[in-house]
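Multiple structures follow.
Both complexes below contain chain A, partnered by chain B and then by chain C.
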Partner chain A sequence: MTNGLTDPHRPRQSRARQSRAPKSHARRGRALRDFIVNVALLAPACGFLFVALAVPSVQLILVSFGLAGIGAKVGFTVQYYVAVWQDVLFTSAFVFSLRIAAAATLISITFATILTALLQVDFPGRRLVNVLCKVLLVVPSLVAAFMVLTIIGPGGMAARLLKPLGVIWPSLLDARSGIGIVLVLLCNSVPLTLLIVPAVAAAIPRDVIEAARTLGAGPGRVFLKIMLPLCAPGIGAAGMLVFIGCFGSLAIPSLIGPAYPRAISVMMTNEFLRRGNWGTASVVGVAMIATTAAVLAVYHRLAEAAGLRNR
Partner chain B sequence: MTTFWFIRSPRLRALIAVLVIAVAVLIFGLPIIVAALWSLVDPDTGWFPPAVVPPRLSLANWRALMAVPEMAEAFRLSFTVASLVTVLSVVLGLPASFAIARRNLRHRRLIELLVLTPLMMPSVVPATGLGSIFIRLGLSQTLTGVVLAQTIVVMPFMIRIVTATLSGVPQDLIDASRNLGAGPWRTLRLVIIPMIAPGLFAGALLAFLGSLEEFILTFVVGMPKIQTLPILLWAYLGGRSSIQTYAAVVSLALLAPALILLFVAERVLKTEHLAAGFGKA
Partner chain C sequence: MTDGPWLELRSVTKSFDGVRAVEDVSLSIERGEFLTLLGASGCGKSTTLRMIAGLEQNDGGEIFLAGRAIHDLPVHRRETAMVFQSYALFPHLTVEQNVAFGLEARHLPRATIIDKVARAIALVELDGFGKRYPRQLSGGQQQRVALARALVTEPKALLLDEPLSNLDAKLRDRLRLELRALQKSLGVTTIYVTHDQSEAMSLSDRVAFMAGGRIVEVGAPQEIYRRPRNRATADFLGVANLIEGRVVGFDGAVAVVETPAGQVLADTSDVLAMGEAVLVCLRPEDMALSPFNTEAGLMGIVTHVAYMGALTDYLVQTRELSPLRLHVPGVPQFAVGGKVRVLLPKMAAVNANPKGQP
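Then we have the complex of A and B:
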């Protein structure tokens, strides 16, 4: 995407042709200068990000093995790992978070894909919907959570409006299945998918779709055979972002959801904020990084395999 | 993309329009009305089910926004932190965006991966690591600590958006400027910056809003001393003790700047740029 317009070689080549004699020397000098400029440009941001990500990660791993602990005696141990592994509160929390994240991801990418398809139709008011998608994106996630809670919560608008009709609104928020958490998480994840998937769909050349239509493919066929495959990378990327965000979500699961199981982030932060137990929290953190890395790796594999098959 | 490849029947299109707009109104209109009503509930009479509208309205909760010290403080703090994070993201991120977009980098993939990493990690993980380090460095529960922590998750959006914009600047313009005798700084100031201004603005805006709503890192690094609006909202939603009316006021106070900034910038915020920020392509 970037290569079409950038051409950093061009001015350099023309200059190199003029001064042919001290070739290697000049080239090496220029390469060195380029290198220094690159480093100078990249160092502030990349240095900051590297330090800010690598140091805490190393710290996390060390603390999880009982090294570099805070307020605990120092010495290599795997006791925290054993403790987390044997504690059903942690293992069930882990499964719970994975389930919530999977549900939120599936629902939001399905919704975004269907809406993207509908947005290809030129109906009156489409621009309004486009603008509203952007509005959704800037709504702070806790504000969205508050708004959803006032509607679906106990004593919320839905319950009040349905009462005269004789419908008892189910208590969703503390449901054991975690459906309340998923519903609230959706108001953050749907906008994210709605940003990415339509942008990818917009990049599909119109000719392809026109050709398919002219050759007799119906709307459903165009959707399944053209739009879906061409949007797949975008849908996948959006899905990954949503999955990771929901898997690690903290604010919403700490406010609503069943008393057991809790979400993994809630268990983890409780561990160090309430008990000062950084060792156990670090083990959970390491497990979360490993899970995310595994999910990303599997996704990457699948995406690559699918890409090869398409070709 | 004013195509209608999907459905050609006008009646069906009208049906879709009605359906989508009805859902949109339901999703947007109803919650905002309910939130506004909650913020106007008279604290003396309350608003209990099954009443669909509060029995009496008052502005008492809005007055509390300024009168309750923690709310006024959170308001001030949130905007201070968001401004600092935005400035820091621009200062650190702009040179890197330039390098990624326009320079010949040997380890481009690696650098792009590093920039993406904060988005690919549940942010509670770096938060925990930083939390324990910041305690040692004395940055825990300080403004500096919160600003540094938020910049980690906010800057990547900024870098990606500006990179996408920068790679759209035609090389010819830069070459022309250089050929006509402008030095690198002059070219940057008179050619590149004006051309990428929309993207830069979009990136800064998203950084500002991202910082304004950031919860996890602020929670872990800043609690309990540094309370931004989202932390306070969390407290009112039941994290500390549930105060629905205050939650409504803080929600609307947090929503208003986001909406205002969005409408000011609507034309500038191209969906492609924003999408690039979130890791598309």
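Then we have the complex of A and C:
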């Protein structure tokens, strides 16, 4: 039989508990201090994100449901969503914006990828080509639009060159296909992709490329089998940036876009600037955010898979 | 088939921005031979290897492989394969796909590729690792994959650029043995680049020592270690105590060299003349230490002792010579500050190029 006085383990246990208690207290103190330091360090960036992104997004979502409305009766409703969903102008605008963004993205990354492949070969004027392709990046998009208009616009350079040949230059500016918009958007999106994709290609270790060459792979095979897969995350990132930029682009579609279908950004602007319909505009805004978020999510899934493989 | 050397470099030169990296390098390598380009960093050994592979274009000279001039061929047509220090595995491909890469580039039938890949993976003892990605392998395993990937293409010359440098000492030792055994069994002509003299000595049929962009000396490992013909070679290969001397006579066909420490017989392939100034190379393992109270040897004081396991490294200051390094087998017998006698070998490496010009 044992009791508190005779049990030899008892005092030892309590001593252990006594020595553990201050240790765990100190550990908790350290953890709290670390937490405060981390929060303080993150506060500027997180604060900016909160003010610039989270607050407007929440406001947008609330307004789209009739809450926190601006100059309207406040009360939860899905009527704006129903109205937008049933509005053929919205669906056509959504599809139109998706189409021009997808076209600009595909053309940009294809062009950038091909040029990256060509830049692997040492040819005279290689650096000049590289620089020229990026020059447009410093040209503001409206100026770029004007430059393109002087070529493809009615009475532009192309029309005047073809006129003596009896060929009538098609009107690209208000074309429903959005070809004019895409051409102007490319002025900025191609240089952007050309900034990213060759840089990613240049980051591939030189000896990996050299190993492929010594194993008997010609330049084409090296590019297709080694460089392209290793550049895939970079190409994806460039494509995503171009897509998001083009999908939400306002200035170019409102300047040279057709009356129907309009780009989704133009539709949204019209809704709140001309009609004062903040609820509908917010729903369109939510749809735009949801679309770019979906694109971002898909990109991250793909990049994660590729990144894990390429590490 | 070729009657001459399997791989031949004739007066190959290479400059980078006006700086000569490789100067008039001529080298002949026989089929199946294992030759090591040895030298300090920046001596031009890797550039020479890269010129053979075609990764650098030589400014002058010619390179022949299997009787064919290859210096103007693009890299992928040279039929060489290179293993890099960083392994340079393709990170997005599995082990099998990495090994198959060179075979696919040659458009071999699928069944042949599968068979060859399996055999190559088995050869480097990586069975069961075929579906893994490089990131899932250890450094040693990655280097084996790089080796399999190079060997599977049956290159006319296997080029290895410091392939073991990134591995720890123990693994490096093991892979060194495996690499040599593999090279011998396959009979592949191999050029190996390293700055590690023990690696060069243990692996090679011949060692080409390079310095200042030139080949200073070529020979079998034992030959260039025991009888270096140049001060730079003697200095770079292991530890060398270099003493200036003069030929004072001949004992039969062997020259007698007078040094500040006494006379030694010249172990050299150089033709020496009476009165000629020479450099005597005393290897630390060729000398011995004895207690101070013995008669023979130079008197000296031990200034440094380092126990290195199999041997003890001593630094002994003598009156006649600059401090001598000695490697004596076993545990330390003498302490720092102790008086000793240094016993010189009867015969020592002597070369007729005391200034050490390559």
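The definition used in the following text is that the second predicted complex is superposed on the first by the 255 of 311 C-alpha atoms of A that agree within 3 Å, B and C clash if a C-alpha of one lies under 4 Å from a C-alpha of the other, contacts with A are read in each partner's own complex, and residues count from 1 in each chain.
We take it that a contact is a pair of C-beta atoms (placed from the backbone, for glycine too) under 8 Å apart; a residue touches a chain by one contact, two chains touch by 3 or more.
No experiment lies behind these values; they were computed from the predicted model shown.
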Room on chain A for both chain B and chain C (clash or fit): fit
Contacts of A:Ser24 with chain B and chain C, given as first, second, both or neither: neither
Contacts of A:Arg213 with chain B and chain C, given as first, second, both or neither: both
Partner chain in contact with A:Leu255 - chain B first, chain C second, else both or neither: first
Touched partner set for A:Gln120, first chain B, second chain C, both or neither: first
Greater residue coverage of chain A in the superposed arrangement, chain B or chain C: B
Touching partner for A:Gln86 - first (chain B), second (chain C), both, neither: neither
Touching partner for A:Arg160 - first (chain B), second (chain C), both, neither: first
Touched partner set for A:Pro205, first chain B, second chain C, both or neither: second
Closest approach of chain C to chain B (Cα atoms, Å): 7
Chain B and chain C contact sites that coincide on chain A, given as residue numbers: 210, 213
Contact set on chain B toward chain A in their complex: 1-7, 13-14, 16-17, 20-21, 24, 28, 30-32, 34-35, 38, 48-52, 91-93, 95-96, 98-105, 111, 114-115, 117-126, 128-133, 135-136, 148-149, 151-152, 155-156, 159, 163, 167-171, 175, 178, 209, 212-213, 215-216, 219-220, 223, 230, 233-234, 237-239, 244, 247-248, 251, 254-255, 258-259, 261-262, 266, 269, 271-272, 274-275, 278-281
Footprint of chain B on chain A - complex, ascending: 1-2, 5-11, 34, 37-38, 40-42, 44-46, 48-50, 52-53, 55-57, 59-60, 63, 70, 115, 117-118, 120-126, 128-132, 134-135, 137-143, 145-151, 155, 157, 159-161, 163-164, 192, 195-196, 198-200, 202, 206, 209-210, 213, 219, 222-223, 233-234, 237-238, 240-241, 244-245, 247-248, 250-251, 254-256, 265, 268-269, 272-273, 278, 281-282, 285, 288-289, 292, 296
Residues of chain A that touch chain C when the two form their complex: 205, 207-208, 210-218, 221, 225-226, 229-230, 306, 309-311
Residues of chain C defined as touching chain A within the complex: 53-55, 74-82, 84-86, 88-92, 101-102, 105-106, 133, 135, 146, 149-150, 153, 159
